[in-house]
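The letters A, B, C and D name the chains in turn, as written, and every chain counts its residues from 1.
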Amino acid sequence: MSVGAVLNKVLPLAEAVRRHVPDGAAVVLGTALEALIPFAVAHELIRQERRDLALVGPISDLCFDQLIAAGCARRVVAAWVGNVQHGSGYGFRRAVEQGLPHPIEVEDHSNFTLALGLEAAALGVPYLPTRTLLGSDILARNPRLRRERCPFTGAPLVLVPALAPDAAILHVQRADAEGNCQAWGATGVSAAAAKASRIVIVVCEELVEAAVIRSDPNRTLVPGFLVTAVVHLPWGAHPSPVQGHYNRDHAVYRDYHQRSARPEDLLAWLREWVRDPGDHAGYLEKLGRQRLEALRPRSRRLAAPVDYGC
Amino acid sequence: MSVGAVLNKVLPLAEAVRRHVPDGAAVVLGTALEALIPFAVAHELIRQERRDLALVGPISDLCFDQLIAAGCARRVVAAWVGNVQHGSGYGFRRAVEQGLPHPIEVEDHSNFTLALGLEAAALGVPYLPTRTLLGSDILARNPRLRRERCPFTGAPLVLVPALAPDAAILHVQRADAEGNCQAWGATGVSAAAAKASRIVIVVCEELVEAAVIRSDPNRTLVPGFLVTAVVHLPWGAHPSPVQGHYNRDHAVYRDYHQRSARPEDLLAWLREWVRDPGDHAGYLEKLGRQRLEALRPRSRRLAAPVDYGC
Amino acid sequence: MAVDYTPGELMVAVAAREIRDGEVVFVGMRLPLLAFCLARATHAPNAVGLFENGIVRDSPALAFLVTMSDGPNVAGALWCTEMREIMGLLQSGRVDLGFLGGAQIDRFGNLNTSYVGPPGRQTRLPGSGGGADIAGLSRRHVVIMAHERRRFVERVDYVTSPGFGEGGDWRRRVGLPGGGPAAVITTLGLFRFDPETREMVLASTHPGVTVEEVREETGWPLACAPSVTVTPPPTGEELAVVRRFDPDGFWTRDRG
Amino acid sequence: MAVDYTPGELMVAVAAREIRDGEVVFVGMRLPLLAFCLARATHAPNAVGLFENGIVRDSPALAFLVTMSDGPNVAGALWCTEMREIMGLLQSGRVDLGFLGGAQIDRFGNLNTSYVGPPGRQTRLPGSGGGADIAGLSRRHVVIMAHERRRFVERVDYVTSPGFGEGGDWRRRVGLPGGGPAAVITTLGLFRFDPETREMVLASTHPGVTVEEVREETGWPLACAPSVTVTPPPTGEELAVVRRFDPDGFWTRDRG
């Protein structure tokens, strides 16, 4: 990339969201499951009052619940929507059960079929076959999944069609200005989601020199030429954990669970924690340095050295 | 694994090959393409006069050529067989064109369809679909590949059936005694090959403590519970390169090319470099310390630190 | 010697006994995670644990976990990878045992974690996650759940994670490769499945629970083993291990 | 100013000019690898190179390469991964340009690298490698090969890597997503393809080569562009770069 092009990829959070995630977009996020959830982006979508999004993801923890409760979503394509720590997601339930704040469509998957849909799009094939979901009502009620006989063996198979979101949002430990990025810990469906999507926004804890990425190319999760925008935003995944940077802030999930059973409480929670702080800096300020510091790793655990010498 | 079980996985080269690669086995090797080729295992198969093997691999460099010329192979499932540095593999050509030392069957693939066959077996599905090879005679003449219409789009697709070798041989930089192993550099189809195979033999430059692997779990290529045997054999991939350990010994490829055009020369080469040295230690002795030292990396290039702290 | 324990602790102990040494176990979270830790610390030191986020461990997490993606489950893992790798191991028959929870279960071990209640007045539950995949593809699976009459129904409202479907050879007919449920562990007892009919059968009641109480909390005429035994309670050693991994009783005391 | 250069160096320079800035290029080995290095060092500093072993680079290799898996191609790469990832990028339309070599080519740009000669007396060549994949799936591809009458045939003996098949809309009919060959660069000239018939058309002859000579080495009645030009020879700068990456002329002097 030319220097100009590189500089243009690095954007402030609000600008990246404004420019690349329009109303009506299908957005995949929460791709590493309970870790590396791009909560800062979700909160910015709420602040910018984005509407009619399709939310795509395996298990969303409370990220999807908040977006749904805030009225940002029209459709959910997922295997699980709730609060991993406490079960039910009240925002999601109210939308499905009572159409509040407005009705949403739900396309149910298992984790595996959601992953396969993204894989198919990433690989550029119209579908991938699997043996999961045979006999499940998820198959019976999801009209996009097809049951077919295998042309080789005659055995029944489920064909999962390609699922290509408009935009993927990934939170990672480090990226360079071109978007070459590296993450560690479980990565779930992150790589497939990025390759399946037209737009990729990478949010990183550390914006590093190009040489850091190139010192360890086996660690790269997504190459920069697939990345549209890079947002340098430490703590951008809070309250979800980022290995080597901060632990999960369980208290947030408990607090949200307790304060989301009634719709007015949930809206008050969003006002207090998303809208009123104004931006991510305001959110961190409200959390306070002491609380953040308490989430820091207790010790370093460095990876054993690896030598790429030649 | 219990200590007893662990110790049993670590075997000398000859014992691992004798116990786990019988006559008639389908063996996948050369899975990282031109690097990390388990030449020591190939040479041991030649010394043990293994017969009727099916050799499976994308591009084999001269490893397959040697096994075929030595009469070990009855069948080849590959995308490319030759000498990457010089083109033709004379051993392979003589077997196909003249049936010498005996006829072999060839199942032609492209790199992608070979990879997909292994991926299908690794994933536990009977086939994977692709758009490659449409219009190619590889498709027309390989009866295992099927051309079918996509049930979603109506577009023509090639379905690649699962390819499950009996044994996979991987050369890696480091492994622990349970077979948990890590490799860096391009890995080609290594991970898929291991998961597709019933038997996995890991040959490593370094046999490391369990804690080394567990210090960097994102680096793991294959988990130990899929690995049958571990062979600790520095220089076991020579003359192919192993990043961080030694560079490619181009002279071997040139020498073999020059001395394999006539069958008697090729057999003399195998006698000189494979049979007469008796074992891998004898092979290294024949190469000589000076030649090996000249292949060592000129400098260290350490991966940037990664912290798994929590 | 009587030892004091909670229903959660008992269920963890019973679940741990389902894990055989050397097995590859699809672990999940909550009670199964504790059961895996307990089994490894006692009779199954070589069990390997898989998590759908992409983690493979052969040692217990470094500290208490609320989710499988918490830092202490990543650090010291032997493999951190993508979900597709874990699901590939499952689909290719490499997973011996998977654990599942559920909101509603029926006579043939089918689980519902999606929609409960009559059409039009349904309660929306979180959904499958990896549950349907574990139920369909692991060589055998074990269900852990609270035993209440509203949860143990003749036929689930929605089959999220298939058990034995309509019974008999249903799994073979629909093409599911995995073996189906091997056990259901509830707050009241341990259940197996009849090898022919594939109907759930009461195998043992937990200490202090009568067969009659189990029947009352079950929404169909419950079949019982020829001799229903009493579930052995957790030993002191088992309890010590469980409490080491759930020191504040987050999973085993606060909830069932 | 006349500069001395080999046919190999000329072909590398011509191939490099096919790479546009910012493009994602499936590189392969030998002359295309040098062309990629040359393009990056001159007019296409933002081109990204993909290798089927799993390497992605945005900088030239650290030193001379005999194979794509040599250490200097790994060190400093921006991504080292599996083949499936690279092939996935290719199949999903992310690769703008791929390079291919061949032993035999025909009027419609089909390549044979598998079996040459009449049945029963065939010569076995190494095979496709990733060639068929690049030809089928990249948005466009460029062929580099020696121009000899035995290699330029009316119809290849075996279609390893499809060009435009039988011409016209053949690629669409068989379902190939990629755009097909955009150019053939030989030891004698540069060729394009007619946008309607998809037949190979002589666009320029290399310096010192006549159209007649090209015709003599071509096994079918060769079509020519309305005005066949002369291929611009490599500039001094281009040659300097090529010689930096192939200092001993391993690829550009010892061979064509």
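In this text, contacts are C-beta pairs under 8 Å (C-beta built on N, C-alpha and C of every residue); 3 or more make two chains touch, one makes a residue touch a chain.
These numbers were taken from a predicted model, which means no experiment stands behind them.
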Distance in touch steps, counted as few as possible, from chain C out to chain D: 2
Most distant chain from chain A, judged by the mean position of its C-alpha atoms: D
Chain centre separation (chain A, chain D; CA means) in Å: 40
Between chain D and chain B, distance of the C-alpha-averaged centres to the nearest whole Å: 28
Where chain A and chain B are represented by their mean Cα positions, the distance between them in whole Å: 37
Multi-chain contact residues (two or more partners), chain C: 55, 70-71, 74-75, 80-81, 84, 87, 90-91, 137, 177
Multi-chain contact residues (two or more partners), chain B: 124-125, 130-131, 155, 157, 184-185, 187, 191, 218, 241, 243, 247, 297, 301, 308-310
Complete list of chain pairs which touch one another: A-B, A-C, A-D, B-C, B-D
Complex interface listing, chain A residues touching chain C: 32-35, 58-59, 61, 78-82, 84-85, 87-89, 92-93, 96-97, 108-112, 115-116, 119, 130-138, 155-157, 184-192, 240-241, 243, 247-248, 250, 253, 297, 301
Residues of chain C touching chain A in the complex: 29, 51-55, 66-71, 74-75, 80-84, 87, 90-91, 114, 122-133, 135-137, 158-162, 165, 170-171, 174-177
Interfacial residue positions of chain B with respect to chain A in the complex: 124-131, 146, 148, 150-153, 155, 157, 159, 161, 173, 182, 184-185, 187, 208, 212, 215-216, 218-219, 241, 243-244, 247, 297-310
Residues of chain D that touch chain A when the two form their complex: 22, 24, 45-46, 48, 55-56, 58-59, 62-63, 70-72, 74-81, 84-85, 87-94, 137, 177
Chain B residues touching chain C - in the complex, by the definition given at the top: 1-2, 5, 121-125, 178, 180, 191, 195, 213-214, 217-218, 220, 223-226, 308-310
